[in-house]
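Labels run A, B, C and D following the written order; every chain starts at residue 1.
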Amino acid sequence: MTRHIHIVKVHHLTLSFPTRNDPNPKPVLDDVDFGIRDGEILGLIGNSGCGKTMTSLAIAGLLPENAEITSGSIKFAGKNLLEMSPRERRSMLGKDIGMIFQEPSTALDPLMVVGKQLEEVLTAHKENIQTKEERHKTITDMLELVGFTNAEEIMNRYPHQLSGGQRQRVLIAGAALLKPRLLICDEPTSSLDTVTTVSILQLLKELCHNLHITILFISHDLSVVRGFCDRVMVMRDGKIVDRDTASDILSNPRNAFTAELLTNARLDTRIMGFEPIKVDYTKDPVLTATDITAGYGRRLFERGKNKDEKADNKVLHDVSLKVYPNEIVGLIGGSGSGKTTLIRSLLGLLPHSGKVEIKSPRIGVIFQDPVSCLNPAHTIKWHMSEALEASGKANEIKGEGTYKERKAKALARITAVLEICGLGEEHLTRHPNELSGGQRQRVAIAMCLIQDPSLIIADEPFSSLDASSSAELLKLMTDINREQHTAFLIITHNIHIVRQIAPRVIVMSNGKICEEGTTSEVLTNPQSEATSKLLDAERQIHVILPVQN
Amino acid sequence: MQGKTGYFVGKLIELVVTLFLVSLLVFIAFSIIPGDTARVMLGPDATEAQVNLLRQQLGLDKPLVVRYFTWLFGILTFNPGTSYAYNMSVGELIAQRLPVTLGMSVFAMLMVIAISYPLAVLSARKPGRLGDQICSVIGHVLFAIPPYVASLLMILLASSMFRLITVGTYVKPSDDFLAYVVCLLLPSFAVALPKIAMSFKFLRSSIIEQRASDYVRTSKSHGLSDLKILIRHVLPNSNVSSITIISIILSDILGGSLIVEQVFNLPGLGRLLLAAISRRDFPLLSGIVFYLAFITVLLYFLSDIAAAITDPRIRLK
Amino acid sequence: MLSSKTKYRSPEASAFYTAGMILLGIVVLAFLISLFWTPYSPDATDASAKLLAPCIEHPFGTDNFGRDVLSRIMSASKYTIYISAAGVAIALILGTLAGIPAGYFGGYIDKGIMLLGNSIMCFPGILLALVAVAVFGASVTNVIWALGLVFAPTFARVCRVGTMEIKELDYITHARVMGVKPYRIMGFHIFPNLVPQLLPATVIGLANMTLFESGMSYLGLGVQPPDASFGKMLSDSQAYIRVAPWLVIFPALMLVFYILGLYFISEGLRVNLAKGGKR
Amino acid sequence: MKSNIIKSAIAALAFGLMFTSFAGCTRKPGNVDSNAVVGITQEPGIFDPHTVVAAGDREIIFNVYEGLYKYDSKGNLNPCLATDVAISDDASVYTFTIREGVKFHDGSDFDAADVVYSLKRAAGLLEGQDGVALVGELDSIKDVKATDDGKVEVTLEAGNTELLSYFTTGIIPENYDNCQTAPVGTGPFKFESYNPGQSVILVKNDNYWQKGLPYLDKVTFKVCADMDAGLTELATGSIDIFPYLTTDRANQLDKNKYNILSNGSNMVQIFALNNAVEPLNDLKVRQAINYAISRKDVISVTMDGAGVELTTAMSPAMGSYYDTSLDGTFNQDIEKAKALLAEAGYENGFNITCTVPSSYLIHVNTAVELASELKAVGINMEIKQVDWATWLDTVYTGRQYETTVIALTSDYAPYDVLERYQSASSGNFINYKNDKVDELMAKIPTISDTKQKTELYHQVLKLLTDDACSVYLQDPATITAVSTRLEGYNVYPMYVQDMSQVKPVTK
């Protein structure tokens, strides 16, 4: 085989979705022109809808039926793909070009065991003549290669019996099974947690080197790309706006848009300078939780299922913690460490053993998802007055007077609180879907504030927000902390944030508190394995992964 | 396959509890029907003494609880008593009528599957094409035609336009099986029509949905042919979601048959039911209602089991 | 979600709405006019004008009593609309009252309510309605109650499933943490968000209820003569199907128009909900 | 490839549907053998000659059981299993001479002992019956015994000259108690089988005492859901004889294939007014209602004109017992009706409910027509349909109703027709009370002179009409379609299907 420097050459590709009403729409891909060098890892970065997925689908030949390539060509190993018959193109998939996708949870047929689905890759290609035993061997070998020690067992499992990371590994195994020359990875890690992400990236890197597979890596997240790719291209509105080696583009962005992406990836640049306030630890804590054990009950006939999982279904084991007035505490831990269960127990939403003492009539809470944090059926004003009524302090605030007067007083209070949270009167009559994510989180905080809580628990409030919104939200929270003397318990996986604003940090792992102390101490000198793991993963995302041979 | 037995046992207990409740509902309903059964049986001119005598013979003078358990025992041993009106075993009566109603339901179901399935597959291949749109529109219209109206229109069409007389007479399957099938074809088709539309619509959207799913994309990227993806992935998955619909369709078909029988003058359970209603035939009525409900509950149960067998997510949680 | 600004209509949904509104409009118009005027009294028999084919005096012909079919169809649409609307209202109220608490509280409340609902759903619907009417006697009120009861579990299911989804959302958790009372959460926080799902279910419920009602009337266990209903008109005219096909065709058409119109509208709502959700 | 499969599947289905259609045509009843299929609209249920109630059952077992006396198609009462009867002067002892040489279907000989057993069983005189008569009218029998000369002597509690017509009740073998499942009688046909919802099959009794009869080998009574279903089956040729048609339906049949027979049915269709409730307790109101309606239109709408208008409680089919002088008493006169209502204080009319049994289309239709006509005089009649059981319960025995429409059937005996108008009669569901009528009805059974009796009957009828006790509507005709391949079918003025005379047309 002749070796081409560029295994794929995309030549002035323009693609659009013409409809009957609009035969000449704005192209989705506009004069896209690039090459993928043999053996490299090429990153393709851009916001959603910029055309990066369409580019990959065009190369793979999996474009939607209504897409039309108006000009350009795609060459794979010197052959023009666009001139091939559908049958020829299909036979290339899996054999020459492999793909993995974003959502490992739905990318496998739920009705079929994993081994069978992998076997289909082999049987789909007729030139690949193998006996059943040989196929079995190929699959187990590949599963071992992607990091399964129990390949035989994995083959007989259904997708739902695997974790997200495991599924993604299976998908990688499927894509790499016939040792294709090009592997297209479309956001393969965006639904995985940090630790898993790191291990998947590690695996891809190994595949690239050991099997000599070229990788086109698509992502919206620059931080992932940074240590992983050799070269990076940035796309915007169907055009490639910037391209460079990974180290150059990230350390020294020449393009404004690249720079913007970069800042979004690095929250820390914006949140410098929030000085944590002093806390008096001699005061009575606002929240005291002792020996909390909780879990999810089993249904009557589920007993005896999953015998390997044992009868113990407790997620939390004897967790005790305290939050002092006016304090900001960070609670960190990997996924499945029991953070969410702990919060639900603290809020009294889950049955649990142990004791929770709260030194205030209410604790406020804000959640991760700004989409579902507000009721879409009602206006902001309704939300606020509902919170006010529920706090039991409505009458106190409304005072005596006619219905109208009382209503006016309540409204005044609502506007005042909204203003604290940076929302004007014009927002009162809006519905949640007319607000941005950051604004909604503010409304959620305002709803907490109007109840006058001594503690607000924030469950991953930043993870769905972009960098600037997160920074504003953080500022708001510190302001409130300073001015209203409200304590915060912030649950997050972002160690940066904790480092910046929380003087004290609690680390959870496997349903237990494994470490607790001042932030600087814990993060610089981790005592527990879980903490170091978290720190490692965080660090690894930002440094070049070493290749293990 | 751990947990499988547990799931099935759970479903089985659910089945038994539901059946118990159903039996209670049936019994209570029929115990509060106005009208004195004994009086009805004897006719208007019977003397009070005659009526009382009969009431005793029928056990109508016993307390309700005793009657319930006697009835429950009888119905569970497929010996639900003697029909007042026919003076025959209710089980025997129902068994005689069952071939009509059940036969119609089975044929109708076969038609639903045989027609809607291939059409849905074809239609879903190219959604939005003319053929697909025609099928969808016809489907909507058929969906809106009550089975008995469809029967009437069929009779009208056949008799006045083609000068054919369509209503054959009922032939027992034991006499001539082919003739039995033939005489039930048209009524079954009438019952099936709206359900064909329903199942077509559901299957079509389910196939379209499955075809757009991630695992199909994965399979495509593995280089599988469209046909293979359809047969090995898309259809099994859409079948899983169709199983519940099919059980609902079956129960609807059963109900629809009751009315259509009337239009085609077939001696099925529907007619027996109406006769039982008008003659206050409590054992017969409760027998029909209970066994029909029993069949439906069983169908739901079987559909749950079928879903669990095909879908490992239900079976192995 | 319901504010006009956010209302989104896909062209497909619009086509469904238009078709549905036209078909439904025919029946509703007939009903509205019949409140004030019908060409003849719908119940007035005329032995000298039996089984007339459609003509100028009787555009839809006359039946075996010499009653004007057009007038009867107009007055029959009244019962169709009235029964389906009242029945759905009952089913909706019962279903909501049972379904939301079942979904919200879960546990034994849920199990109990659903067991009852499931055992009602174990009977083929028409069978249950027939038996209920047979037990309590055939009258419009009883038909409405029977249908309301038969359909209540369907609505309960929609409410229950919807509630179970919604109650997991953060804003409900938030409300619970804020200390909002359960009845308020169910009534003011959850219910308004169920409306988009209940709406197509309600419309399709109207159609299905009409299917049942006409079936029952066909069997003589629904609307009672001399009042006109489509089902009864059809069963009465079956004997004359060869000599007077208009007796079958016109009521059948009106019945199908009504049901089809409702199906189209519900389909439009459903398409909108699906598309709107995906946006 | 796939679409081909579908095409052929559709073709197969279409073919199947057509096949159904032709199947209807091909299934004709056998032309060569002498079988006949009779369509019936009521599900048969009871085959015991003594407990039978429904007319639909009677018409079948008429061919299986015979009584001491038997009606013919003219309504005459002829000796059957008895050859003669002697009635004592005070009419309290009936002595029957028993026919000899008759055999039951099971082969046993018929004798006086069988008669004694059967009559005792019917009158409730057997041990364990506690005196509860199975045939209510025979309750008045005090004793039945066989005399030495092979005669049977029946003693009554009181003299009754009218009882002979009840001795038509079927005679069964002595000590036989299995009539329900295996009927055994002496009639022209033997009971073969009963398939509920489908048919009753009778076969020829080769040993029938009337030599030469019957002609047919097999008679099938086939259940049709209703008149219209029967009509369809007639059209397809799957039944030969179908009674109880209406004219317009009969007109839909092919005249070359079916003869249409029409006859009075000896039924009295009555728009019953409950004399005990307001405002129907007012004579003027009842008269007004009588004048308000057009019997002609009722007959036109319900029977397509095939009925005889009635103004009194008896059908003209009863011959001389019927009083022709009453004809035309209540010709429709809206003005008079309105005037009468005004006199009674109801110039603005009133609301009233009509409870009708839903299973009888003719009565429901009549009610619909009546409601429409009554509206003209300001009476708003609401129709409430109830099933047969409820009707019997609330209307007939409970008498909780205002008006109803029903047909009164009776044996072919004038006393049987009028018996219910006695104030104490259990059949007096209209709550009619006239002492004069009670007196006359009590007197009639003691009189044996026919002429005098007829006179008294006329007096009763006149009183009933004068009191406008209810609205007598019509004697609806029995219209029967009989296949042209059969002959000898006789329409009876009562609910029976006599198959013994029917024979295939020989060419």
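Going forward, a contact is a pair of C-beta atoms (placed from the backbone, for glycine too) under 8 Å apart; a residue touches a chain by one contact, two chains touch by 3 or more.
Computed from a predicted structure; not experimentally measured.
Student: Give the fewest steps needed to get from chain B to chain D, where each step moves from one chain to a chain it touches.
Tutor: Minimum step count, chain B to chain D: 1.
Student: Ranking chain pairs by contacts, what comes out on top?
Tutor: Here the largest contact count links B-D.
Student: What is the distance in Å between the mean C-alpha positions of chain B and chain C?
Tutor: 22
Student: Cα centroid separation between chain A and chain B, in whole Å?
Tutor: A distance of 48 Å separates the two centres.
Student: Based only on mean CA positions, could you tell me how far chain A sits from chain D in angstrom?
Tutor: 85
Student: Distance between chain C and chain D based on Cα centroids, please, to the nearest Å.
Tutor: So the centre of chain C lies 43 Å away from the centre of chain D.
Student: Tell me, which residues of chain B touch at least two other chains?
Tutor: Residues 34, 262, 277.
Student: Return the residues of chain C touching two or more other chains; collapse runs of consecutive numbers into ranges.
Tutor: Residues 134, 137, 238, 242 of chain C touch two or more partner chains.
Student: I need the residues of chain A touching at least two other chains; which ones are they?
Tutor: In chain A, no residue touches at least two other chains, as defined above.
Student: Could you please write down every pair of chains that are in touch?
Tutor: Touch list across chains, by label: A-B, A-C, B-C, B-D, C-D.
Student: Flag every residue of chain A that touches chain B in the complex, lowest number first.
Tutor: 60, 62, 90-95, 97-99, 101, 103, 106-112, 117, 120-121, 124-125, 158, 160-161, 171, 174-175, 300-307
Student: Which of the residues in chain B end up touching chain A in this complex?
Tutor: Answer in residue numbers: 2-3, 6-7, 9-10, 13, 213-215, 217-225, 228, 232-233, 236-237, 240, 310-313, 316-317.
Student: For the complex, give me every residue of chain C touching chain A.
Tutor: So the residues of chain C in touch with chain A come to 1-3, 5-6, 169-181, 188-189, 192-193, 195.
Student: Which residues, counting only chain C, touch chain D once they are in their complex?
Tutor: Interface residues on chain C, with respect to chain D: 43-45, 47, 50-51, 64-66, 134, 137-139, 220, 224-226, 238-240, 242-243.
Student: Can you name the residues of chain B that touch chain C in the complex?
Tutor: 17-18, 21-22, 25, 29-30, 32-34, 140-141, 143-146, 148-149, 152-153, 155-156, 159-160, 251-252, 254-256, 258-259, 262-263, 273-274, 277, 285, 289, 292-293, 296-297, 300
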